[in-house]
Amino acid sequence: MEAFFVLLAIPLLGGPCLWLLGDRNSAPEVNSGFSLATFAASAWLTAEVVAGGPVTAWGEQFFVDALNVFLVALTAFVGFTTSLFSRPYMRIEREKGRMTGPRLRLYHSMYQAFMFTMLLALTTNNMGILWVAMEAATLATVLLVSVYRTAASLEAAWKYFILCGVGIAQALFGTILLYFAAERVLGAEGNALLWTHLALVKGDLEPAIMSLAFVFLLVGYGTKIGLVPLHNWLPDAHAEGPTPISAVLSGLLLNVALYSVLRCKVLADGALESRFAGNMMMGFGLLSVVVAAFFLSRQRDVKRMFAYSSIEHMGLVTFAFGMGGPIANFAGLLHMTVHSLVKSAIFYAVGHATQKAGTQVMEDIRGLMKASPTVGWGLMIGTLAILGMPPFGVFASEFLILTTAMREHPWATPFLLLALGVAFAAVFSRVQPMVFGDTHLKPLAHQPALVPVFVHLGLGLMLGLYIPPYLAAWYAQAAKLLG
Amino acid sequence: MSPLVGQVINLFAAVLLLIAFAMLAQRRIVTLIHLFALQGLALVGSTTTVAFATGQHHLYWSAGITFALKVVILPLILHRLIRRLNVKWDIETLINIPTMMLVGILLVVFAFNLALPISQFSQSIARGTLGIAMACVLMSFLMMITRSKAVPQVIGFLAMENGLFFAATSATYGMPMVVELGIALDVLVGMVILGVFMFQIREQFDSLDIHHLEKLKED
Amino acid sequence: MAQIASLLAIDGALIVVAGWLAIGVAGLAALHNVRLVGRLLFPLSALLSVALAGIALLALPGTPQTAVLAIGLPDLPFHLRLDALSAFFLALLGLASAGISVFAGGYFRQGEGTPPGLLCMHYHLFLASMALVLLADDAYAYMVTWEMMALSSFFLVTTNHRIAEIRKAGYLYLLVAHVGAIAILLCFGVLQANTGDYTFANMRAQHLSPFWASCAFGLSLFGFGAKAGILPLHIWLPEAHPAAPSPVSALMSGVMLKTAVYGLIRVNFDLIATPLWWWGTIALGLGLATAIFGVVFAAAQVDMKRLLAYSSIENIGLIVVGLGLAIVFNAYRMDALAALALAASLYHCLNHALFKSLLFLGTGSVLHATHERSLGKLGGLMRFMPFVAWTTLVGVIASAGLPPSNGFVSEWLLLQSFLFTGELPNPYLRMLVPVFAAGVVLVAALAGYVMVKFFGVIFLGRPREEKLAQARDADGLERLGLAWLTAGCLLLGLFPVAVLEVIDPITVAMVGKGLAQSGHAGDWLMLAPVSAERASYSPLLFFLLTLSIVLVAFALVRRFYHGRVRRAAPWDCGFPMQTARMQDTAEGFGQPIRQIFEPFFRMRRELPSPFDSAPRYKVTVEDPMWAWVYLRIAAVTEAASRLVGLLQRGRISIYLLYSFVTLVALLSLTQL
Amino acid sequence: MNVEGLLAQITALLVALAGAPLVMGWVNMCRAWLQNRAAPPLLQPFRLLHKLFWKESVIAHDASPLFRVAPYVVFGCMLLACMIIPTLSTNLPLAPAADAIALVGLFGLARLFISLAAMDIGTSFGTMGARREMLIGFLAEPAFLMVLFTASLISSSTSLATTVATLAHREFAIQPSLAFAGIAFTMVSLAENARVPVDNPATHLELTMIHEALILEYSGRHLALLEWAAALKLFAYSCAGLAIFFPWGIAEARDHVALLWALPALAVKLAAGGFALALIETILAKMRIFRVPEFLATAFLLGVLALLVHLLLGA
C-alpha cells in the first residue's frame, strides 16, 4: 500500500523538483538520487510481493501480480542506471554545446515524468489509466527527442508524436470497446475497466466486441512496441534523441507497451476462446523480425541500427507470446527482461563511443578497443549478447522460442532462421570494425560511466546461466496467466 | 427512455459524420478550425442529451470539459497558432477531393458493417452511434494521411479524438471519470506540446510544410 | 582402483574444466606477463590435458556417468553425461591439446594484438567449452557451450585484429558458426518432440515419424556441417585457419572440427532411434564431394596454412563418408558393418586431430622462424630447422595416408568397410557405394600429392629468400609439443588394435555391436576387424620389416662396398646462372591439378608478354562456392534489403497509411 | 609360423632380389631384338649395379639427410612389397602384415620418399620430376586399388594370399570383370614403372623424363639402390599381375612339391610377361605428358567399371 504510494510519488515529485532546480551543477546527481529512491521503492514493493503475493491498493486501482512485478523492478532499475549513465554523458554534451541550461532542465524533469508514466502504466489496474499513462509517456519523451533542435531531431520528434499519437488513439478506441463489452457484464461503474475484475469475467465478454477491441488495442499499443509496419517512428526517434533517451525508449517504453498488449491479450483470449489474438501477434512478430533484419543490413548510423535491432527483438517476443504455452510465454518474459538490460547497456556504450568519435556514422568509429578497452568490450559483449550468443540470457529465451516454434509452427522457423542469420551478419559486420582495428579516437573529458554497462551485461549473463528461483516462479506464474 | 432522445442522439451523430465529411473536403485551414469547433459542439450536445436521458451526472462534467476544451480552448489556440504562423491556406491535398470523398463513403460502409453485429449488444439508446463513431475515427485518419501541412494534420488528429469521445459517451455512457480526466489532460498537454513543436518546426524550416520532414529515411 | 577411478571420472573431467577456467582467470590477472603465461600457465594446462585424456580413457569402458550442475534454466540445469562416445572425444581433446598447449607456451609472444593474458583466457575458455560440449547431456547446455566454443575461438582467430583481413575472416567464421548453431538448435527443437523436456535422455525416448526424423537429420547435417566444414559451408575454414595463430589453428582444426563430428554421431546414432538409409547416401555424397573439393583445392594453394585448412576439409569429408556408410549399414541393421564404418570414422577423427595439429604447429614454428606464410617465399628449411622438419615429416606421411602411419590405418578401415557393401539389400546402393570407394581412393592418393607439395616446398630445396638462412629451429616447449604429437601419430599408427579396443564400447553403444576384434583379443599385433582371412594389417610388423630391410641393406652396402661421399654442386644442365628463385614454385607444383580439375576453379591468370621488362606471372585461384553460393546469397539479401528499404521513404503520410491499412486489414480479418 | 612358411618366405625374398634385375635384363634383351639391335647380355643389370655400388657417391652441397635416407627406404619398401606378394607360394608368414590396400600404401610411401628426395636438391628438374611422379601416382594408385578391389570382391578378401588362392581354385571361366581389370592393370603398370608410353626408361631427354628426373642427382651406391628398387618394383607389379590374372602354378600351404614347381612356372610366366612388355614398348610411342592423366583416368575408369561389372553380373 505505502510502497505503491512511495513508488509513484517519488518520480511524480521528482519532475517538478528538477524543474525548479534548473540547470544547477548538482541536477544530474539529484536526478540519480530520485531514480535511486524510486528503485529502492520498487525493491520494497517487490519484497512485499515476494513476501505476500499479489498486492492491490487504493480500491483496487493499483495492483501488482507476477506479470508486472518484475517489470516494475526492471523499469526502476534501468531508470536508475540510465540516470547514472546520463551524468557524464550530459556533462560532455553540455561542454560540446549541444545541451544548454534550459534544455538540461527540461531533460531532467521530463526524465522523472517519463519514469512516473512508466511506473503508472505498469502498476495501474485500470485499463483506462493504462492508456492515459502510455499517452503521457509519449508526451514526456517527445520533447526530449527533439531536444537538440536539429532539423533531423525535430523531424524525428514530429513523426514520433504523430504516429504514436494516432496509434494510441486507436488504443483508446479499443479501450472504449473493451469498456463497452465489460459494461454489459460488470455494469456501468468504475470497476468495469479494472483488469482484475475483467479477468474474472473474461469468459463472459462478448467475442464480437472483444475481437474488434483487441485489433484496435493491438494496432494502438503495437505502434509503441514498434511492430512492423507501425514501427516507422522508432528508428528516427532512437537515432536523433540523446542516447539516454534511446536507452530508456528501447529498454522501458517498448516493454511497457508490450505489457499493455499482453494484458489485453489475456482478456481477448478468455473471451474469444480461439487463437485469434495469438495468431495476429505471431503474424506481427514474424513480420517485424524479418523486416527489421533486412533493415539492419542497410544501416550506417549506429543508434539507428540498434533501434532496428529493438524492433527485431520486440518482434521475436511478440511472436513468442503469440505462440503461447508455458514455455514460449516464459521465454517471452525472459526475453523482455534481458533485452531491456542488454539493449540499454549497448546504448550506454554506444553513447560514449559516439561522443568519442563525434559522430554516429559507424564508418567513422573505429578501433574502440584501442582507444578505450572498456567501452570497446562493453559494446562487443553487448552486441554479442543481443545477437543471441550464449551464455547471455537473450540466447536462453531464443533457445526456448525457436525450439518451441520448430515443433508447433515449423512454417515460421525458416523465416526466423533467415532473420536471425541476416541480423547477425548485418550487426556484427558493422560492430566488429568499430571495436577492433586501429583508431584515431581521443579520450573523453569526463570519465565515462561504465559501471551500468557491465552491471547490465552481468545481469544478462546471469540470466542465461542462472535464473533466481523467485524470478523463475514469477515468470512461470505469469506464463500461466498468459495462457 | 423515450425514442425521441434516441432520435436526437442519432441526429447529433449524423451531424458529426457530416462534419467529418466536410473536413475531409475542406481546403481552408480557418474553415477547418471552425468545423472542428462545430464538431465539438455537436459532441457536447450529444453528451448532454445522453446525460439528461440516463441521469448519469458525471456525463455533465464530461460535456463541460469537452465544451471548454474542444469548443473554446483548442480552437482558440489553433486560431492563435495560424495567426502567429501566418498560415491560412492548405491547398495541397495528396489525393484529389472527389476520390477522397469516395474513399470516405467506402469507409463509412465498412465501419457500419463492422459495428452492426456489435451494436445489438448495446444497452444504450442509440445503437447506430458506434458505427458512426468508428467512421469518424477512420475518416479523420484518412484526413491526416492526405494532408501535407502540419496544422491540418493536427486538426485531423483532434477530430479523431472527437470521434473517440463520441464513442465513449454515446455508446457506453462515458468512461469512468478518472479516465476521462486523464484523457482530457493528455489532450491538453498534447496540444501545448504541439504548439511548441509548430514553432520549432517553423523556426527550423521557415514553413509548416511537412515535406520538409522527410529527410530521415532509408535510402 | 579402476572402480574408484571410473566412479569419479566425470568429476575428474569437471575438475579439469574448472582448472582450465582457473588458468584462464589467472591469465587475465597476469595480463601482460608473457613469461608467467607462457612458462607456467600453458604447461600447467597441458598437464591438465593429459589428466583429462587419462580420465577419459579410464572412464571409456565403464558405464555412463551423469552429473547435474547448478546452472542453467530453471527447470533445466546443465545435465552432463560421460559415456563412451564423449569419453573418446574427451580423450582426443586431451591428447591433442596437451601437445598444443605446451607448444603454445613457447609460441605466444608479446606484440601480436591481444595481450597474452587475455589470449590465455580465451584459449582456456575455448578448451573448457569444448570439453563441456562433449559432456553436455541436454540441449541447452550443449548449445550454450557450443556457442561459447565458437565465441572464444572467434576471439582467438582475431587475435591480430589490426589486420582487416583477419577481422573479415573472424567475422565470416562467427557468422557461419552462428547460422549453423541456429540450425542445431532447431534440430533439438525437433528432437524434443514438443515435450518441453530438453534432456538428451528424453530425446532418446522419443519416437519420431520419418518426416520429423529426416528434418532432424537435415538440420543436424547443416548445423554440424557448418562447423565441420562440409561443402558448401566450408567457406570460413580456409579464411579462419590462416588468420588464427598456429596453436589456435591446430586446436580448431584438430579438435573443434571433431566436436561437430561428435555432434553428428550423437544426434544421428544416439538421439534418433531409427535412421533411414537415404540419409546415409546424402552424407556419403556430401562427404565425398567435400573430400574431393578439399583436396583439389589444397593442391592449388600457395599459403601453407590455407593449404592445411583445405586439407582439413578433405579429412572431414572422409570422416563424413565413413559416418554416411555407418548410417546406411545401421539403417539396414547390419550392425557389425556399421560398427566397422563408425570405428573407421572415429579412428580417423583421432588421427586427424593429432597429425593436423602437428602440421599446424609445424607451420607455426616456420612462421615464427621466418615470418612468412607464403609457400613461394619458403624452402630449404630442413637444414635450418631439422627438428621441426622431421616431426612434420611424420605428420606429412600420416596426412598422406601412407603406412605405417596412423592416417593409413583409418583409411584402411574405411576402405574395408566399403568392400562389404555387396551385402546391402538395396541394389542401387550396392552399385553406388563402390563408386564412392573409388572416390575415396582418389582422395587419399591426391592427399599424397598435396603433402609432397607442402613438405617439399617448405622444407626441401634451397631457401627462396635470403632471410631464411637466419631461421632458427624451435626451442624447448615448442619441441616438446611437436614431439608429443609426433609420438601420438606413431603410436596410433603402430598399435591400432589397442585403439580399436578403446573404440569398441562406443560402437557397441551406438550401433549395438563391436568389432570382431574383441573376440580374439589376444592378437594385439594383427589388425583384422572381421577375420584374418578377409583382411589383415599389422603396422608394427610392417614397420619393423621395412626398418630392418633398410638397416640390413645399409649395413650390407657399407660392409661390401664403402660409404664414401663427395659433395659437389648439383647438375645445372650447363646453365651457370641458377638461383634459388628459379626453383619450381608452389604454383608450379599445383599446376597439373589445376589443369585436370579446371572446372572446379575460378582462376585468374596474369601472363607476362615476351616483351615485358619486368615480367610478372600471377595466378589467383578462387573458391567457386563464393560465386556460386555466397555472393548470390549476399546479392539476394542486398536486393531484399533494398526492397524493404522502400518501406521507409520518410513520408509521414505513407507511414500513416501503413497504420491505416493495417488497421483496416485486421478489422476485416475479424469479420471472417 | 611354420618351417615351410619360413622357407617359402626366404625363397620369395631371394627370388625377388635375384629375379628383379633378371627380368629387367630380359625385357631389355627382348626389346633390343624386337628393334633389331644387338641385345645386351641378360646379366647386364647386375653388372651395372655392381659398378654403381663401387662408385663414389656425389651429393649436392645442399642435400639434407633425407636425400641420403630415401634410397634405402625406397629399396626397403620395394623389397617388402615383393615379400608380401604371393610370387611362388600363398603360404607366406609375413603376408598378413599387409594386404592389398597396404601394398598400394607401400608403393605410395616409396613414391613419397623418392619425390621428396628429388625436391631436396632444389633443382628445377628434381621438382618437376617429383611433380610428375606424384601426378602419375595419384591417378595410378586408385586405378591399381580398383583392380585389386575387383579381385578382392571376387574372393571377399583383401588379403593377397587369400585372393590368389581363391582365384586359383576356381574353374576356368571368362570373367569380364577380370578382363577389364586386366587392361586397367596393364595400363597402371606401364605408368607406374615408367615405361612407354608414359615414360621412356631409355632416355635422358630432360623435358620429357619422369623417373630419370627424379633420380637425376643420385649417383654411386644410392643410384644403385634406386635402380635395384625400380627393378624390384617391376618385378612386384609383374608378379602381382600374374598372381591375380594367371594364378596357376603358385604353391599353397604345405605343398613342397608345388613350391618346387612354382619357380619354373613363375620363370615362364615372367618371360612371357617381359616379352609382352617389350612388345608394347616397341609398338607404342611415348605420349605427351599432358596426355598421361587421360591415359590413367581411362585406367581408373576401367578399374571402376570392372568393379561394377562384377557387382552387376556377379562375375
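Order of writing sets the chain letters: A, B, C and D. Residues in each chain are counted from 1.
One rule holds in what follows: contacts are C-beta pairs under 8 Å (C-beta built on N, C-alpha and C of every residue); 3 or more make two chains touch, one makes a residue touch a chain.
Keep in mind it's a predicted model, so treat the numbers as computed, not measured.
**Q** If you tally the C-beta contacts, which comes out ahead, A-C or B-C?
**A** The comparison resolves to A-C.
**Q** Counting in whole Å, what is the centre-to-centre distance of chain A and chain C, each centre being its mean C-alpha position?
**A** That gives a centre separation of 43 Å.
**Q** Roughly how far is chain B from chain C, centre to centre by C-alpha average, rounded to an integer in Å?
**A** 69
**Q** Just give me the whole-number Å value for how far the CA centre of chain B lies from that of chain D.
**A** 100
**Q** Where the centres are mean C-alpha positions, what is the separation of chain A from chain D, in Å?
**A** Roughly 78 Å, centre to centre.
**Q** Residues of chain C touching 2+ other chains?
**A** 644-645, 647-648, 652, 656, 659, 663, 667, 670
**Q** Identify all positions of chain A at which a residue touches two or more other chains, and write them in rising order.
**A** In chain A, residues 158-159, 162, 166, 170, 212, 235, 295, 298 touch at least two other chains, as defined above.
**Q** At least two partner chains per residue is the criterion; list those residues in chain D.
**A** Touching at least two other chains: none.
**Q** So which chains actually touch one another? I want all the pairs, not just one.
**A** A-B, A-C, B-C, C-D
**Q** Residue numbers of chain D touching chain C in their complex, please.
**A** My answer: residues 53-54, 56-62, 64-66, 72-73, 75-77, 79-80, 83, 94, 96-99, 101-102, 105-106, 108-109, 111-112, 115-116, 119-128, 130-132, 134-135, 137-139, 141-142, 145-146, 149, 152-153, 156-159, 162, 206, 216-217, 220-221, 225, 290, 293, 300, 303-304, 307-308, 311-312.
**Q** Enumerate the contact residues on chain C facing chain D in the complex.
**A** Touching chain D: residues 379-380, 382-383, 386, 389, 393, 396-397, 400-403, 408, 411-412, 415-416, 419, 422, 430-431, 434-435, 437-438, 441-442, 444-446, 448-449, 451-453, 455-457, 460-462, 526, 528, 532-538, 541-542, 545-547, 549-550, 553-554, 557, 560-562, 564-573, 578, 580, 582-584, 588-589, 591-593, 595-596 of chain C.
**Q** In the complex, go through chain A and note every residue touching chain B.
**A** 61, 126, 128-129, 131-132, 135-136, 139, 142-143, 146, 149, 151-152, 154-159, 161-162, 165-166, 169-170, 172-173, 175-177, 179-181, 183-184, 188-190, 192-193, 206, 208-209, 212, 235-236, 239-240, 295, 298
**Q** Quick check: in the complex, which residue numbers of chain B touch chain C?
**A** Within the complex, chain B touches chain C at residues 94, 110, 113-114, 138, 141-142, 144-148, 153, 210, 213-219.
**Q** For chain B, which residues are in contact with chain A within the complex?
**A** Touching chain A: residues 56, 114, 117-118, 121-123, 130, 134, 137, 141, 144, 150, 153, 157, 160-161, 163-164, 167-168, 171-173, 175-179, 182-183, 185-186, 189-190, 193-194, 196-197, 200-201, 204-205, 210, 212-216, 218 of chain B.
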